[in-house]
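Common to both upcoming complexes is chain A, partnered first by chain B, then by chain C.
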Partner chain A sequence: MKMFSIREENLKVFLRELSLKHVLIAPFKRDGYFEFDVLRNPDDFNVNYTNTRLSPKRFFMPQRQLVFKHYPRKGFTEELKENSSVVLFGIRPCDASALSVLDNVLLNPPHKDALYENRRKNAIVVSLSCTKPMTECFCNVFETGPIRGTGEDLTFTHTSKGFVVEARTQKGIAVIGEFGELFREADGEMLNEYNKLIREVLDEMGSRLKVDKTRLIGIEKEAGEEFFQLNAQRCIECSLCSFACPLCYCFETEDYWEKDSYVRFRGWDTCISPLFTKMASGLDPRVTKADRLCHRFCHKLSRIPLTFNAYGCVGCGRCVSLCPAGIDIREVLRKWG
Partner chain B sequence: MSSPETELRRLARSLLEKKAVDLVIGYEKSEAGVRPCFISEPNEAERLVWNPDCRLSLVRYLRGFKEKRVGIIVKGCDGRAIVELIKENQLDRRSTFIIAVECNGVYKPVKYGSSKLGRQIAEYCEKCEVRISPIRDHLIKSDVKALERPSPKNDGEPLDWLSLFRKCLRCMACVRSCPFCYCTECSIEGFKPALVHKLVDPVELFTFHLTRALHMAGRCVECGACESSCPVEIPLTRLYHELNEWFREKYGYVPGVNLEQAPPPLVFKEGEKP
Partner chain C sequence: MRLTMPSRNRHKGGVEEMGLNPYIPKPVKIIRVKDETPDTKTITIGPKPFDEFTPGQFAMVTVYGVGEAPFSICSPPSDNNLQFSIRKMGSVTTAIHEASPGDEIGVRGPYGRGWPLGEMRNRDILLVGGGIGFAPLRPLLLHLLENRNKYGRIAVCYGARSPSLLMYRDEFEEWMKQGVDLYLTVDVGEGDWKGNVGVVTTILDKPSLNKAETIVCTCGPPVMIKFVLKKLVELEYSKENIYASLESKMRCGVGKCGHCHFGSKHVCIDGPVFKYDEMATLPKGMSPF
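This part shows the complex of A and B:
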């Protein structure tokens, strides 16, 4: 696709213009770490962030959202409100790729997820390339970064002479067209630097973890192995890994009576929780912690690839860094990849 | 003098060789830092490490090994947790071999997406007065000097707990890492009866944290396991510290320092007013 460029000082102008027309969501510092939120003042945005503590999936799949209300006399009311268009600026390529995997899973007919689609269809995803990947990251394994991912509409890359902007979709081209005066075509010198940067970052990341991802599908056969039992001893069964993950999409629903209507809410759930597979009869197909842990990794690395032709992990490294017990998905990758 | 780490390894090896314990719970090095490890073979003892990154309290793992004889590496606060658990009848002292290591404070974790990358002593360690476990079978002295404690900050500034709790994901990391949360079913998760909704409701987050705070009052040993595992950095120990201070004033009770002193909620005194 076509390459453009924007000068560094014009970025703030671009953000300001964007925030006037759309709901602009970008990362900024809050209480000692970076988090996505509605960016009201473009001066709060600083390019020098690593990544956000929590993943941006909550803008498309909130932790708790209303599905419908049922009034006993009037019948059902669906709660599908048309959302104003959201621009997610400064998302990292790994998280953007996670959104494309989510699209794959949730927007594939015949089982389309209307709630997700409603939030996703008007969203514009603008990514900012990682030029200094964190130590926990391993996006090179799944080819979801660090410079380009899948699922972005626009990709910004910071170089010494401003930002190289790549339009990846028609939506992205439309945005560039909208703010045409701020962008110009990227010149050869800039593109050279851009290509050099890609090579450098990829080399640096490639030296950390070399994994043949196609072999990971075999992990399913090893279920119940010693490795998972060892890690299960460590696991404290919190839901942190799933809640922080940019593409854990399991949900649960809850119905109750509220004032004058029955309501149904939907929200995040996690397969690490002992209650996840517990059925009303008392039967539980995944009784032990090792089973559940094994399931989590098998689902991400074997079952999602077999069903949806995409990996269930994008290598953002959130679970690696946040796990209180130090359970590390990279060990799984090394062992079976 | 040998370093605490070598002494620790030697001790763990000899305990396992003599079959004095079935397994030793300690810390090992991992790619991302330090993590808990469970050692049952004498030659695995070399994996054990000891450094200021060993922050997660290992005491919570003891409840998984009730039928085994366990050696456990404890800091001052973890030892206090053991004392308190013995008083609450949750732990068999005879089947636990307590290896106390002198603790000089632990570092605050540097987590994903932090804006600062420097190492810094954890806030709860600044307040700590018990650096060696009050209950122990073996003591390992530390050779490193205490981590530098920054000059005491003004603690009086009130926190906006409502907005802090609103950030909570209810991922249960605080509950699950806590030595004292040994209920088989957490009241927050149960659905018979359901005290709170299963899905996170902003108002109920307050209920959750207050329920937990009330259950921690006079028991919390301020080991910081909850605070250091929290993904959104809610300073929970500060809340529990306040409650502990209130407990100390009201009943003269400090959790975990004296095995003989019964916890005030378990004692009935005639004529006592709430």
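This part shows the complex of A and C:
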């Protein structure tokens, strides 16, 4: 794809222009943490962040979302379609790659998740390369970063002379075309710096954790129970790992009566919960916490790959840094990868 | 905070529109409610919200305002209506037990992989059921009887905890009249029960079939499936021809919600009917071995 560039001072102009035409979502600091939210003032945006505390998956799969309203007296079902155009700016390549994994899972035919598809198709995803990854990051393992991911429309990389911009999809090319006066073709000097940056960051990350991801497929057979039992002793089932994860997609539904209609909402669910597989009869195929932890790790590293041809982890490091019990998916990678 | 303004998209659940969003159930009326056993009712709903299905497939049934759960379709595909046999267990099933004819429920489906009808042509067929596990076998049996000349001998081994928990009792005579070898057993006899007493594996040796070529379909509680599979292999039925219908918690029925993802299989897409060797690949807890 063609490489463009934008001058540092023009980024704010670009963001302001974007926010006039779309709902602009970008990370900014609030209550001490960087989080994604609607960016009303482009001056709030600052490129000096590692990553947001929570993942941006909630813009595509909200924590709580209406599925339908059913009006019994009128006898019809109403579904709500959201169709405003959203630009997600400053998403890290790992989180952008998580979106392409979610595409594999949720848009896998014959049945497409219409709620997700609707939001995904109305969104333009612009990533900002990681030049200083967090200590917990391991995106090099799954090749989902740190400079380029797989689910973005545009990739911005910060260099000393401004941003190198790579258009990754037709949608991305259209955005460049729309704001043509702000972009120009990247020159050789800039590209040299860009390529040098890729090598440096990859070398640095490779020195921390080197794993052959293909060996992870089928780890449940090799891993045995001991490892998961040890971790289960520490796990307090808080489910933070699932909720912070950019691609934990499992959901639960709830139904109730509201004013004049029956409604169904869906919300995030977590396989760490003891109720996740428990049936009304009391039967539960996954009874122990160790089984559930085993499923969480194996699902991401072996079961999703076997079913959907993509890894269920992008190495964003959120579950590692947030887990109050210090459970670390990198231990699994180090042991069996 | 609301990020986007919703636009209103109203529809009455037409087939074409339903295809767009798999999560919208189609409202259907309950026509009949029949007491099957002390804890199970068979509801008939209609008209059928979808045209074709394979025996063994399931549908997601919504009680509006209460919740949604997966149920095996227990009426044959030729029927104009749809039937589900439902045991009172949790909130959704309790609400269905309290429903009466004329009430509206939501249905979406059919989902999953049904029994392997193509494999059964001109072969002997053995159905092994336990308790409410006969529900997914009934549409198969009725379908086989409707097309009797296309299949070989048909034998049924059916067990329940007690005689009153045997489902579809009023149909047994009709099945036998149409040439089904029916073997019944109960764990505990009661009243005037004169038949076999013992678990279903004790009657598996009774049907005389061409074992190497017989297709076996089984459904029941996990522990029953475990011992039935063991016994079938002992009796020299071919592993190649053994199928079982497994159950799991489900929320979406279309492989998205993650609840029934075990090993590399989704029960809702790859099952609920699994072949013997596929079941061996499922992780412990889900695998009947």
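The rule is short, and it goes like this: the second predicted complex is superposed on the first by the 332 of 337 C-alpha atoms of A that agree within 3 Å, B and C clash if a C-alpha of one lies under 4 Å from a C-alpha of the other, contacts with A are read in each partner's own complex, and residues count from 1 in each chain.
One rule holds in what follows: contacts are C-beta pairs under 8 Å (C-beta built on N, C-alpha and C of every residue); 3 or more make two chains touch, one makes a residue touch a chain.
The shown structure was predicted, so the numbers you read here are calculated from the model rather than taken from an experiment.
Participant: Just checking: does A:I236 make contact with chain B only, chain C only, both, or neither of them? Give me first, second, both or neither.
Facilitator: So A:I236 only meets chain B here.
Participant: Looking at A:M3 after the superposition, I want to know if it touches chain B, chain C, both of them or none. Which is it: first, second, both, neither?
Facilitator: So A:M3 meets neither chain B nor chain C here.
Participant: First (chain B), second (chain C), both or neither: which does A:S321 touch?
Facilitator: It touches chain B, and chain C stays clear.
Participant: If you stack the two complexes on chain A, which partner ends up touching A:L202: first (chain B), second (chain C), both, or neither?
Facilitator: In the superposition, A:L202 contacts neither chain B nor chain C.
Participant: Applying the document's definition of touch, where does A:K81 land relative to chain B and chain C: first, second, both, or neither?
Facilitator: Only chain C is touched by A:K81; chain B is not.
Participant: Quick one: classify A:Y33 as touching chain B (first), chain C (second), both or neither.
Facilitator: first
Participant: Just chain B (first), just chain C (second), both, or neither: which does A:E252 touch?
Facilitator: both
Participant: If you stack the two complexes on chain A, which partner ends up touching A:M134: first (chain B), second (chain C), both, or neither?
Facilitator: After superposition on chain A, A:M134 lies in contact with chain B alone.
Participant: Touching A:H111, do we find chain B (first), chain C (second), both, or neither?
Facilitator: The answer is second: A:H111 touches chain C but not chain B.
Participant: Residues of chain A touched by chain B versus by chain C: which partner has the larger set?
Facilitator: Tallying touched residues of chain A, the top partner is C.
Participant: Do chain B and chain C touch any of the same residues on chain A, and if so, which?
Facilitator: 252, 254, 256, 266
Participant: Note which residues of chain C are touching chain A in the complex, please.
Facilitator: The touching residues are 1, 3-13, 20-27, 62-69, 89-93, 104, 106, 221-222, 247-249, 251-252, 254-266, 283-286.
Participant: In their complex, what parts of chain A are in touch with chain C?
Facilitator: Residues of chain A touching chain C: 23, 25, 37-38, 59, 67-68, 70, 72, 75-84, 86, 105-106, 108, 111-115, 220, 249-257, 262, 264, 266, 269, 271, 276-281, 283-287, 291, 295, 299, 303, 306-307.
Participant: Contact residues on chain B for chain A in the complex?
Facilitator: Going by the criterion above, the answer is residues 30-38, 56, 60-61, 64, 111-116, 169, 171-173, 175-177, 189, 197-201, 225, 228-229, 231-233.
Participant: Write out the stretch or stretches of chain A touching chain B in their complex.
Facilitator: 29, 31-35, 49-54, 63-64, 134-136, 230, 233-234, 236-240, 243-244, 252, 254, 256, 265-267, 273, 275, 317-318, 320-322, 324-328, 330-331
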